[in-house]
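We just call them A, B, C, D and E in the order they show up, numbering each chain from 1.
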Amino acid sequence: MTLQVRDLRVHYRTTRGDVRALDGVTFALADGEIAGLAGESGSGKTTLGKSLVRLDGRMRHVGGRVELDGRELPIGDSPRMERFRFREVSVIPQYAMSALNPTRRIGTMIRELLRARGIGHRELRPELDRRLRLVGLSPDVLDRYPIELSGGMKQRVVMVLSTLLDPALLVADEVTSALDVSTQRAVAEALVEFRDRGFVRSMIVVTHDLSLVYQIADSVMVMYGGRLAEKAPAAAIVAAPRHPYTRKLLAALPEPGVRYEGKRLSGIPGSPPELLDPPAGCRFRARCPLADEQCSRQPPFAEVAPGHHVACWKAE
Amino acid sequence: MWRYFGRKLLIYLLTLFAAVTVNWMIPRFMPGDPVQSRLARASLQSPEASAAMEEYYRSVFGLDLPVWQQYLNFWGGLLRGDLGISMWLFPQPVTGILAGAVPYSLALLVPAILLSWYAGNKLGALAARGRWLDNTVLPVGYLLTAMPYMWLALLLAWSLGIVADLFPVAGAYGFGLQPSWTWTFAASLLAHWFLPFLSLFLVALGGWAIGMRNLIIYELESDYANYLESLGAPRRLVRRYAFRNAMLPQLTGLAVQLGTIVAGSLLTEIVFAYPGIGYLILQAIRNQDFFLLQGAFLFIVIGVLIANFVVDLVYVLVDPRVRVQMQGGAA
Amino acid sequence: SGADSGDAAGYPREQTLYTTGAQWGPPANWNPIMTWEYVTGTVGLAYETLFLYDAQEREYIPWLAEGGEWVSDDVYELNLRQGVTWSDGEPFTSEDVVFTVELGRLESVPYHPLWDWLEEAEAVDEHTVRFTFSDPKYQQWANWLYFNAIVPEHLWAERSEEEVGAGANENPVGTGPYVYETHDQDRMVWARNDDWWATEALDVEVAPEYIVDIVNTSNEATLSQVQQGNIDLSNNFLPGIAQLVESGGQIQTYYSEPPYMLPANTAWLVPNTTREPLDDPEFRRAIASSIDMERIVTGVYGELVEPADPTGLLPVWDEYIDTDVVAELGFEYDPAHARELLAGAGYTDSDGDGFVETPDGDPVDLALIVPSGWTDWMEAARVISEGAQEAGINLVAEFPDQNALVDQRASGDFDLLINNERQVSNTPWTYYEYIFRLPVLDAQSTVNFGRYENEEAWELVNELDRTPVEDIDRMREITSRLQEIQLGELPIIPLWYNGLWSQTSGSTWTNWPADGGSHYPASLWRGYPQLGGVLMLTELRPASG
Amino acid sequence: MSQPSDERAAAPGAAPGPEAPAPVAVPAARGRTAWYFALRNRKLVGGLAVVALLLLAGAAAPLLTGHPPNAEVGPPNRPPSAEYWFGTTNFGQDVFSQFVYGLRATFLVGALGGGIAAVAGMAVGFVAGYRGGVVDEILNMITNVVLVLPSLAVLLIVAAYLDSRGVAVQAFFIGLTSWPWAARAIRAQTLSLSSRDFVDLARLSGTRTTGIILREIAPNMSSYLFMTFILLFGGAVLAAAGLDFVGFGPTDGVSLGLMMHNAVNWGALQLGMWWWFVPPGLGITAIVGAMYIMNVGLDEVFNPRLREM
Amino acid sequence: MLVLDSVSKVFPTGAFGRSGVTAVRDVSFAVRPGEVVSLIGESGSGKSTIGRMVLRLSSVTSGRITFDGADIAGLTRSRQLKEYHRRVQGVFQDPFSSYNPIFPADRVLDVVRRGFFPDVGAAAWRERVDEALEVVRLDPGQVRGRYPHQLSGGQLQRLLVARALLLDIRLLVADEIISMLDASTRIDVLNLLADLRARGLGVLFVTHDLALGNYVSDTTVILRRGRVVEMGATATVYADPAHPYTRRLLASVPRLDQRWADLPLDAADTRPCPYHARHPHGGPALLALAEDHHVGCFAEGDAPCQGADGPPA
């Protein structure tokens, strides 16, 4: 088992109080597993991804444990975390378009980064070139400045860089949402290939697009209001979703071929809970058609089938 | 690339043209007749002598020509490097007078601008690093920028010059010296240069420090800095990048600021009786010396323009974004 | 400070005179013809005049000329000194004098009008020049003799009119005690001419080996330099000097007590006599009586100046002041009297605004202009306007830019102004010409700014001009009549005597006038070397010697 | 002269500007947060207090001192004493009363000059940024011309033009020469704002250009504009002081710069009369410095990124 | 109703606009009353530019856009333009940028009143607003006086539609109005658009998402680099995409009923491009495959007209 997250709680400090962006998240990731992380905007996806690599100034590790290959990741202790970053845990940020220093040649930046981390650049160079070719880039991009590359190219450079040291865990946050459909497919497939070639052991792919997750992930986690609602193998999520939220989400997705006249879809009324002061109990309660008394208590994230966890009292 | 510079050059030339024209116009439409005041100064005994001289001077200065012709002549002279004859320091040519003053002004301005810029940026970057430094550097920086140039100059002159008697407070070198390649002379030059330089340097320093501090805070929060840190890059590297990137807007700031600093140097020169352009400008105005005024002005304008142009060039060299944009032409 | 002491790279301190206060910009021309802007010392140190004039003793001192006399009413013969050479070694001869006078035929030469009344100048022999006049103006001629420098024919003969009248004359060759050494933006250096004729002829020697004239940048910088003994002679107006002199420091002035300075010129309040109600002598008199000169002298100037005599004549011209006339027609500060005068002439406050109106009932609304930035004058103008307002005259002080003021002054577009153009000279005629000169032109650029027209007075001024300088009685007769007109009409109101600003330091050079060494003015202002400044240099002694 | 990425540096270094790369919009609802931070921001409160104090002193000048500023009221050259708090000048004028009356001129020049510059800068910046194209290029050129002309020298010449100079006229011309950097900064902000969709929506709603600028764009930058004004205010005060100092100040009346001019002209340095030239400079530094520091405070209030947590 | 006839747009660039970028080239199509036309293409293909030209926010470089037969370029007076905007309105991509953040969200409605109905009384106006809000299924109490950040993206977009409905519009340009919304709310906005059709409204629906385009539109126009590559009845285009580019796009859409793994991209390129086959060296703008199905192709020379710009990975 690569990653084990237990009851992780991460809050944002604000003047009006703590935003409980992660409020007890528990899951595990197997070797070689690509887990998709989906959910509405503001549900805490990015926060979860960041927590595993680097908490920014406003984030506070409030509770919970993260283990990587059985060793604890000191996520709340930035200096100690530094050792793990890049080598063990790595990230492709949501803002990959602007993630490269605009005034440095890409190659120079990589070299300086490696040197600063005490890694010989010379030895890594052939591997770097190989991986760039693998994602369809010529190693010449290393002599270019970020602005000279298109969005998709930058995305792929960041992908290669983040995985250069073969980390055990990669968090890929919305890596495709700024890309065109055709590029999106290419990048997404490249992620899978990276896993297949062992550049990364396991991966969390954050996205708000369930259908994309379905294409590349082995398992899918659906997040709602700072907690996981459901985690299941990809096929299971689509074929047999257990959580009402997941179901509603899937029902709101028009598929090619589905037309308004033929089948009128509908969204989920209401809006996600305020994480500054979240309601007690099941967070989806307010929008859930099945909700009843029972739901005022927080449902456990229980395994209802092998590898299928759901946080819902009503999940059969 | 060349098209980009061609375009820039065109804009600069247009700006130069406009600035020179404005420059030509300003003194010309000043009230008062410089020839009259010359005559008044001459205290000639008889009206007949006045009349003859008036005519004479009008023709010497070309003021008897129609205005458009004066304008054309002005350009003609300019292109030949002839800025006319000074009225105040008659009959010296303006170019000669300027040539005497420019070295002093440059000696003040160039080091003051460059050093304050460099030191200010370093200081600002330092301030962005720590709370304690931030709390000392910032307020001092603000006080320095808020100081009128001449007041700081006065304080320095009074405290270091008059009370402590450490530095001379007037002139460019000792009265007793002849310009020569000796240590004594060099020491005297330096001693006289120091206070005016210091006052310019200090006022400008604060501004740069504050600017850098703010910029670097933004840079440190930018996406690439976050990404680098996520990859475990040490703070040192991130700071270096942030500093470098923050230097870019500061560089443009330098171009924008030049005019202000030059203006400040005028005041400083006046306080320290430093024989540069500032003093000439003041006297030229007082004595209605069109030609000298125009010349001094032109020198500043062209200087600022050239400096701007250099900044543009340097900018292109150091900021790949601009370079790429202009290679891409349209994009 | 330390860096200022001379050494190998500079001029030996104990043999160098540092001076400032006369040169207001970088040295630009050494042309003695441009009498108002040549580099300080061009005339006096390099070029010399035929005579000097000692204003204190009221005597002409033969200089390049050994003497001169009117051989008839309209013929003047000049005997030149022998053995005088130009600094390039050429002998100085009567041809040079004739040539110099002949230059006046050029329109661009300031003494061009001389030729309106001079008929001929001829060299009788090498050392004699004879001048024949069509209309001898004795006073002006005497003035010309000591004011204008002689230039060498052998170097100037080839010059174009432009070069003569407006050339920079970069390598001045004169007969004087100093020669051009070097100059820079901020200084002019003269070196002693060891072959100067006077050493032998008069047994006098100028003491300083070098004279370094520092371009005047600011009075305040100068003051500390004098205090530190870095500057030996300052001809700046240094406010607060009285304090320093009284406190017994290094700095000395001509007198050790008020007014400290030699009076050098008169500051006048000039009313525009073409404007109502300033065209009314009674009204002008009321203004004159309203001025609290004592307050200006002590408050504004700290007693650096003296109130002027009602005639405005400088103390050196005391003998020309008709005390009877002054007693009868003079004025003094007396606000009550000023109000009486106004009331008597029909100026009353009919609308109750505290200020008088004209007899026709028009409001009086006057402005006194002085150049902005001339702080002492600005303060004085404020005092004047306060006094006038107290007397009921709505007079305010305004401070236009100097250039604008010059224009207004020339075109007569002003109410009142302050002016002090005329310096001390050999004859009060220069003052009366200044006051009464006719005709009034469209642009009055140097004289009679008030545009006062009085034919009789102008006739008298010309008559004075035509009076031989030795005929003091005749002169007094005429000046007395002029004073009657002047004090009766008050076309211009004398205020105070400006000093010949001069402060000296005894640290390197002694025997300054203040030390009782000589009575010659310690000044290098243009025109003052001829008034004894050169002789002052010969009296200096090194402090260390 | 205009770099694509120079918006942030558009505010001159010596007058450190609001450096926000994007306009700082303060939704009214977030206004409460802004107040919260404003009241707790030591820089803002402190700066404001100093400015207010001096403003009050200037406004209440006649109450604070019995002497008209230019009247000779006491013995000359007196150091500060109980009677003459800041001593007296060479002419026996009360330095304190000159100081408090001078404050008025300083504030007036700052408010007027800064105001005029702000209006000019806004007019140019808004139009250039919103209209773009040739209009932008031309306005840019004008801005650049004004920018390279050294404003102090221009002001000196203009000052020499005027027969008599008042504070208001002085402020007017200072305003007319000091707007370029503001115009650049505002232009950059406008440019980024006018690409927002709400501007297009306003156009679809029949709002004219001026309406869009005044009702949609300007309110969005109000905090930025205010900060720009503060910087222009400081700039105008300093420019006026410079002018006064070289003797081209108001031809009548008092100002802090004129006090320094007089002090220097009358040998205060050499005569050791520090009380004559220290207070006016200190006054200017205090006002301008307090304004700048206030500005930092405001910046922190409006830009959460700069806020200390 | 709305007809685009060979419309092109060149954006000037460089000093004083000496060079240019052609964003839209030779585009022709029409929108009829009660029809939803979706404009599909990748980023930079010129969709928004067309929308903006239709809204007269940007001028047409060449070609004509007519509305009810009148060339809209002729609407130069601000009165005429206003009349045009009474009938043609737009909603944009970013709901948050469509609102001025410092004002309450419902101010957009007041702006409409100020611009178009200065004479309508307060009560009458309120009634109209309530009516429009009801159409978009917004509770007036929910949105009145609220600031944009207090409302969800879906609410904001619906409010913008309501704003358009206040006017008696005949055509709505909806530029990516759902792409920034969460899946949970976007479908509602989409449904709203489709419902408007019933009121006789023409809708120009701009999107890059083929699934969404398919869901609501009657006609589909596929754009690539400013040109129309395929156009026709939505059902036809989706069922039988003629152009390789279209096929490639469809193949890249992530869907829940099919795995990419089972649908290799190259499969999209196996069939030749009918246009290219017919006119190997260029020809008319569009080739009619059927009465309501057109295809265009602009591959240069002999280069194969592949879907995307070459395989990226």
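In this text, a residue touches a chain if its C-beta (ideal position, glycine included) is under 8 Å from a C-beta of that chain, and two chains touch if they have at least 3 such contacts.
As the structure is a computational prediction, the values presented were derived from the model and not from experiment.
Farthest chain from chain C, going by the mean of C-alpha atoms per chain?
Of all the other chains, the one whose centre lies farthest from chain C is A.
Which chain pair is joined by more contacting C-beta pairs, A-E or B-D?
B-D
Need the CA-centroid distance for the pair chain A / chain C, whole Å please.
Inter-chain centre distance comes to 93 Å.
Express in whole angstrom the distance between the two chain centres, defined as the mean CA positions of chain A and chain B.
Roughly 55 Å separates the two chain centres.
Just curious, how far off is chain E from chain C if you go by their C-alpha centres, in Å?
Centre-to-centre distance between chain C and chain E: 89 Å.
Centroid of chain B to centroid of chain C, CA atoms only: how many Å?
Chain centroid spacing, chain B to chain C, equals 40 Å.
What are the residues of chain D that contact at least two other chains?
160-161, 163, 264, 269-270
At least two partner chains per residue is the criterion; list those residues in chain C.
Counting only residues that touch two or more other chains, chain C contributes 218, 224, 401, 403-404.
Which positions in chain A are in touch with at least two other chains?
none
Residues of chain E touching chain D in their complex?
12, 15-17, 52, 55, 57, 78, 81-82, 85, 89-90, 92-94, 97-104, 108, 111-112, 114-116, 147-150, 160, 163
Where on chain A does chain B make contact in their complex?
53-54, 56, 82-87, 90-91, 93, 95, 98-105, 112-113, 116-117, 145, 147-148, 158, 161-162
Over in the complex, which chain D residues touch chain C? Could you list them?
70, 72, 76-77, 90-92, 159-165, 247-248, 251-252, 262, 264-271
Mind listing the chain B positions that touch chain A in their complex?
222-224, 226-234, 236-237, 241, 244-245, 248, 318-321, 323-325
Going by the contact rule at the top, pick out the chain E residues touching chain A in the complex.
42-43, 152-154, 182-188, 190-191, 194, 208-212, 214-216, 234-235, 238, 248-257, 259-260, 265, 307-308, 311-313
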